[in-house]
Amino acid sequence: MIPLSWYLYLSTVVFVIGVFGFLTRRNIIIMFMSVELMLNAVNISLVAFSHYLQDMRGQVLVFFIITVAAAEAAIGLAIIIALFRNKATAHVDEISEMRG
Amino acid sequence: MPEFVMPDLGPVMPEIVMTCLALALLLADLFIKRKETVAFLGIIFIGIVSYTLVGATGTTFGGMFVSDGYSMFFKLIFILNVLLTILISVKYIAVERVNFGEYYSLILFATLGMMIMASAGDLIVLYLGLELMALSTYILAGFIRYDIKSNEAAMKYFLLGAFASAFLLYGISMIYGLTGTTDLKAIAFFIVNNGLAENPVVTLSMILFAVAFSFKIAAVPFHMWAPDAYEGAPTSVTAFMSVGPKAAGFAVLGRVFMTAFASVQIDWAAVLTPIAILTMGVGNIVALSQTNIKRMLAYSSIAHAGYALLGIIAGTSDGMASVLNYMLIYAFMNIGAFAVIIMLRSEGFKGDTLSDFEGLAKTHPLASALMLVFMFSLTGIPPTAGFMGKFYVFMSAINAGYMWLVIVAVIFSAISAYFYLRVVMLMYMKEPKEEVKLTTSPAVGLALAITLAAVIIIGILPS
Amino acid sequence: MNYYLLIPFLPLGAFLINILLGRDFLKEKAHWVSILAVAGSWVVSVATMMDVLAGKTLNEDLYMWIASGDFRVGVGFLIDQLTAIMLIVVTTCSTLIHIYSVGYMHGDKGYYRFFAYLSLFTFCMLMLVMANNFLQLYFGWEGVGLCSYFLIGYYFDKKSAADAGKKAFIVNRFGDFGFGLGIILIFLTFGTIYYEPVFTQVGGVAAQTINFLGFEMNLVTLIALLLFCGAIGKSAQMPLHVWLPDAMEGPTPVSALIHAATMVTAGVFLLARCNAIFSLSETAMIVTAVTGAVTSIFAATIALVQNDIKRIIAYSTLSQLGYMFLACGVGAFTAGVFHLYTHAFFKALLFLCAGSVMHAMAGELNLQKMGGLKKYMPVTYWTMLIASLSIAGFPGLAGFFSKDEILWLAYAGASPVGKFVWAIGTIVAFLTAFYSFRLIFMTFHGKFRGTHEQEHHLHESPKSMTIPLLLLCIGAIGSGWVGIPHLLGGGAHFTEFMNPVLGHPEVHGTHAEEGILMAVSVVAGFAGIGLAALFYIVRTDIPVKIAQQFRFVYKVLFNKYYVDELYSFTIVRPTIWIARNILVGITDTRIIEAIVNGVPASIGAFSQLLRRMQTGFLHHYAAIMATGLLIIIAFMLLR
Amino acid sequence: MEQVIMNNLGFPILTTLIFLPFAGAALILLVKRSNESLVKWLSLVVSIATFVLSIPLFTNFDKSTHLMQFAERHNWIPQWNVTYYLGIDGISVLFVLLSTLVTILCVLISWNSIKNKAKEFYISILIMEGAMIGVFCSLDFMLFYLFWEAMLIPMYLLIGVWGGPNRVYAAVKFFLYTLIGSVLMLVGIIVLYLYAGRTFDILELMTKTYPYNMQVWLFWAFFAAFAVKVPMFPVHTWLPDAHTEAPTAGSVILAAVLIKMGAYGFLRFSLPLLPEASKAMTPAMLVLSVIAIIYGAVICLAQTDLKRLIAYSSVSHMGFVTLGIFALNTQGMEGGILQMINHGVVTGALFLSVGIIYDRTHTRQISDYGGVASVMPVYATAFIIFTLASIGFPSTNGFIGEFLIILGGFAARQWAGVLAATGIIIGAGYMLWLYQRIFFMETSPKVAVLKDMDAREVITLLPMVILIFWIGIYPDTFLGFMHESVRHLLERVHTGSGAEIASFKNIVENIK
Amino acid sequence: MLHKLFFGYYAFVIILLSLLVVTRKNPVHSVMWMLLLFFHIASIYLFLNAEFIAAIQVIVYAGAILVLFLFVVLLLNLREELKVKSFIGSWPAGLMISVAILIGIMSALRHFVLGPQGEYSIEFIQRETHTKALGKVLYTDFLFPFEIASLVLLVAIIGAIVLAKRKMKS
């Protein structure tokens, strides 16, 4: 039987990789994918918890997270498209009209 | 395993009604051509909702939904917020040429999300409510599709928001793993009974919650999205965002930290205190050097979040009450100020830079008089509501023994006087550059009347 | 007897009428109001004098002026021998000079204003002498000061006049600074500032000492010295004498009334009033005596070389006032007051004569431009001659008696410095005679040294001016006869009369000594006159020679020992310099304002800095968020 | 808690006094802005009516008691136990009267000089009046603070909108200076409120005793607010700017009433609430006062700007006031209070006069004047009277105040009295010099054309002249009001409240 | 033992893939790697006998979301995307921050203690299938959140339309 902590560490590592990606990439889409990565990390830990706790809530939450993730994806990509129409770039650095 | 029994829908009635009406509005939009009518319908619907609000108290869905005085008050704030926002939007979105019916239903959905947050008794519900609100607000922020600034605002808000909610989820999962539940009361109960208060994982998840909520209330250093989002978003939406999500954030912050994390109060006070100081400091100080009034008000709203945090930090019921009070007052004075700004926006004239206010008192004495009142209220000069709000918050904070924190706060609020007064100065003590014409409408007038009355009356008779 | 109230309030009424109606209605007739009023109060004063002679004195409050806690003082009047004498002096001089002014000020654009001020002055002076407490005295004190300010600066469009007036007021303020503190100290000591409780209790505290700003000193001495500050300010004694010569900028009647007869003698009056206090303090007495002596000789020496006719008389006033102080200093308060009384007449006379000379010379003041006026203006000449004789102590004239009494009492009195001051007094007597007659000879004898048109213009003054001269002349001759000493078979009535108020110093000396001293001073006087005659009639070249011989001394004397310059360099300029360069230049601008404006400025700069952190780059925002989270985690888990 | 004498007149006089001006302002709000004369007359009528209504305070005042009179009390914010609680005693009554009087004069003096935004101007003036009266009448700390801060708004506008060339800077400076001071006071108020068991009732607060070192820092918290208003020495620099740039009416209100509130605050709050601390801080206060006296006086010698000079002279005069107050004895305190009135009258009058000539010449530079006396004799007469009053010439009001203060100061600390007395010498110096430079010497061509004062201006100055001599010759009318209150206040200060030393920690405990 | 080996493999691959996802220059590649990643995660779920979750992981994530991504990525022409370098200038800073956070969380997790056991024992789930169990819960206890979720999706639809639709009336 695999100790729970392994799953925990795994999810943590993935989560942090997501953070890393978000912090260091300049392509909006990839930044957004990093966020998805973080969500997945959370999912891993949640499912693990619910398995070890023998409780369903975790998986329910995962279900909802996936739903929301889908929604977020839709909106996020819509925003990106709208942005792209006005300014043909997916580079965050070039999208800094407002500052100060 | 017990069979399913239909839960009591009484407490949740306002939300249900809100949902139905929002959908109805969505449909109505298809048939109604004049969007003003849609707005009007929306106002009526809100009236209905606020009617159902009365007496809809209790706990249902197995403790997932708690409708008590606390949530009730916040819902009141949200209702007012959305009402005033719709009022100031009617003309404005027409001017911005984004006069779509979806706008209103989205606002309603966002409000619905806030209402759910306010009375969430379970982390899952909390999360979903938060996302409902957030997603709607992202869309609203980017509502002016052809405007790059609007897109950018939406984009920044969206990405950072998703980032923040990821942290929230991580926190939720931690606390879930620890306690095996997501119900706030149960969590609190469990932590106390199993003496987990000292456990770093609790602290960790508490921190993650704090971060996520700080993002929603735009507290430093998680405020970075706010100025850009506020500047880029349509002004009416800015008004909406600067009050609604902030209040909702405070609602969940108070709810979670007062119930679930009540036992680690020392810890989260220690986390929030520096955040509060930074928030007040950065908000007020950076606002000094702004040239765009929307951006300036963004920073000011950051600062106000800082003041309100004092009430949370106090950690007493008195403190929470003061925060509610503050949020209500803030809603009035801030939306009032935005209403004036919106009037300046007209075809081919953005009217959102400070210099557009020069000599306004000569051309539009009434508007500038109103702005004067709101500015002094935001500064916190009696006899305006702003003073009463601050006063109550400070009082509860001192009462909880945070005197030094309050001294810091008052110093910052004195500094804040400078940039609020600068608006007044520009209006009254400068000569008008070019003729500014106001786009007024009965709706905006009504909004201004309400806010003004509220600011003055609360200022004189807070009870 | 309540009609005494008329004495001060008649002039006040005249003042109000003139100042309110004068400009538009009375115009040229303004003088009637004032003259009638002053004459009225003269009459009342004489009546009061009679009462006092009949032994009726009075001390009562009119109303409560200031009442704060246990500090209570009213506006009240004390009428005793001293007051009575002063009343006579003041009202008499005032009346005559009012009349004189009708002629002198004729056709001046501020005619009404002039008379209004004169009346106001009379009112204040009377309040001063009639006060029954120190604070009211202080009121009159400042009041006369104010009037002198107005009257000196009467020709206010002349800068020198305006300056002189201001100078007079401010220099007096220096004196009043001490005076005021003295009053306060009196209150704190005795719990009241009414004369007679104070004077009766003062004996009790004679031994007490007080720690004043760290100096342990005798209480009474301190009080006395503080009051003395006031006295020297008003009576222009060293070192606060500087304002009086400049005061001659005012119209001549003013000089006569205020700066010779009445106001300047207020200091002496104060000393006499407070004799009970002073005589208890050895130190204070010595200070007084020495100050008086020094001032008198100091002024006399300056007077020797001045050419401005009015200034000469002014300096002689200084030195005569010195005489009076000297007298008080040696305990001879009676003699002091006696001299005050006689001096009032002959000095007023001198000034008025000078005025009439100026009138004739069209405002010319320089002796060098005059000469041989005798034949043009006989009345002026004779009256002025008599006045000069009187001041020179010509036996039988008023000055003679008072001066001799002073010298005798100084010599024979108990004062440790008596002999010394007597010696100085005698020298001064000589000098006085000299410069007075230098004035006479250079003005009236010899041949005219002025321009031709001046010569044509020469004429005797109108009746309204000459009559007062003659009247005053009577005073200058006869006013001394009330105090003829026993030695000369007189009754020394004056001394007797004053005894209840001023007491009488014990003297130990024989009549023989008294006679000798008298002779000495008379000789000194005659020597002075003789020398003057020699220098300025017989051998007019000698003074020039001497002047060349002792060029340095001459310059020093001519420039009044450079006292003004000294003050302006040690007090006036440094103060203004500090104000300009230290206070405005540094503390206000460089320090306080620097902070006041600097803090916001730095906040603003900081604001710009923070503002630049809002780069607009998404990943910066994210990084800051993550860093924030990191810091919090570290902070929470590592503590 | 101490009992008070409820208002026994037929009508709530204090409330009327406070809200009549507000009502007037509201009324003016309705007038068309084109109809300027109506605005003017309306404000004049309202201000006169207020003054007339305030006369009963003068006539019906019971001088034989220290209790609060004409008191009114209503619940206001029950949950915080805030009450609408008004009342006046011997200390405050005179200021109420002064405020009502001064407002009339301000309206009169601005009659012709305010052209642009006249409507707003008179509204501000009236609101100002109401707030000022409110400050002096409040017996509830919250209410007091409300008026205290509310006053800033109209004043800020008065300076900033109708002021001189550098007005914006001056206005902002004034506002921030005072605001920073008063927010610190707010903290103090809250602490007091919580410590004393949740009451803002001043009279009730006075009956409590507070631990010593809590008193000390409360004292400094209040000091921050009051000293800035007074203004005391280190924080005085807003005054010259504000006075100089403000329009005549603004300067007059500032000088006559506004800066009295600082000293009034000391009397009403610092001393009775924090007796031990006040006693302990006396030396510091006296030193500051003496510095202010001499500093303010000397710096006047260097001024070339007419209004600036008078502004600095107020610094000096207010130094006398604080000196008298902190002498903590009868003469000093009564002198201090009287001197506040005097300064209000005299400096107010001086600013009025300056305004009169400024309207003619539009220059504030002293060097531009000279020889005015020969073209404007009446004006010169009025001005010399004010000058004399300001240098404390006996028989003017200035003398009474200053003499009592120096007496009190000397009794308290010799050096204080002596140094203060030097201030009088310098005072004579700069005022007479000023008078000479403006009114004497050759008439400059610029001045030669000036016309003397017209009836309106004479009427404006007349009340001040009368007051000056009234107070100077028969001050008992005014001192009479104070005796009882001052005696009681001093009792409170000296018998003190026997506070024990408590550590800051358990102050916080106590508050919790 | 076998379990551990399997887990080891999956863990390693997942980490590797996620690293690839965030480091690839070409978004298309990232998406591809992510697809693979999701499959692995799904199989981890299978490990934890949560078949339904695994299923939706594949269907929704891999099937819907990623396709959406891919679609967008291809929509935006990526020619010049590939010219500019993919990382922000200061990526080491980002790395350091993330590592620090990792350490922080790890150090906290060392004290992790598991909560109380619930009634959904493995046998129970075996007995009635996982899907049924989850479904029951979803439609009874979690009815309310479920409804909210539906709203979230609705909002998403509206938003997507409002923002992305090419032309709009008025």
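For this structure, a couple of remarks:
The first chain written gets the first letter, and so on, giving A, B, C, D and E; residue counts start at 1 in each chain.
Just so we're on the same page, a contact is a pair of C-beta atoms (placed from the backbone, for glycine too) under 8 Å apart; a residue touches a chain by one contact, two chains touch by 3 or more.
All figures in this text were calculated on a predicted structure; none of them were measured in a lab.
Touching chain A and chain C together: B, E. Counting steps between touching chains, the shortest path from chain A to chain D takes 2.
Chain pair with the highest count of contacting C-beta pairs: A-E. The most centrally placed chain, judged by C-alpha centroids, is D. Here the CA centre of chain B is 43 Å from the CA centre of chain D. Chain geometry summary: the mean Cα position of chain C and that of chain D are 38 Å apart.
With each centre defined as the average position of its C-alpha atoms, the distance from chain A to chain E rounds to 6 Å. Chain B and chain C have CA centres that are 79 Å apart.
The multi-chain contact residues of chain D, meaning those touching 2 or more other chains, are 176. The set of chain B residues touching two or more other chains comprises 124, 128, 131, 135, 138-139, 142, 145, 154-155, 159, 163, 176-177, 180-181, 200, 203-204, 227-228, 289-290, 418. Along chain C, residues 600, 611, 614, 616, 618-619, 622-623, 626-627, 629, 633, 637 each make contact with two or more other chains.
Of all possible chain pairs, the ones that touch are A-B, A-C, A-E, B-C, B-D, B-E, C-D, C-E.
Of all residues in chain E, those touching chain A in their complex are 3-4, 7, 11, 14-15, 18-19, 21-24, 27, 30-31, 34, 37-38, 41, 44-45, 47-50, 52-53, 56-57, 60-61, 64-65, 68-69, 72-73, 75-77, 81, 84, 86-88, 91, 93-95, 97-99, 101-102, 105-106, 109, 112, 114-122, 124, 133-134, 137-138, 142, 145-146, 149, 152-153, 155-157, 159-160, 163-164. Chain E contributes residues 88, 90, 93-94, 97-98, 100-101, 104-105, 107-108 to its touches with chain C in the complex. Chain D makes touch with chain C in their complex at residues 173, 176-177, 234, 236-238, 295, 298-303, 329-331, 334-335, 371, 373-374, 377, 381, 388, 393-395, 399-400, 403-404, 406-407, 410-411, 414-415, 417-418, 421-422, 424-426, 428-429, 432-433, 436, 439-443, 473-476, 479, 483, 487. By the touch criterion given at the top, residues 361-362, 365, 376, 381-383, 387, 391, 394-395, 398-401, 403, 406-407, 410-411, 413-414, 417-418, 421, 424-425, 428-429, 461-463 of chain B touch chain D in their complex. Those residues of chain B whose C-beta lies close enough to touch chain A in the complex are 124, 127-128, 131, 135, 138-139, 142, 145-149, 151-155, 158-159, 162-163, 166, 169-170, 172-174, 176-177, 180-182, 227-228, 231-232, 289-290, 295.
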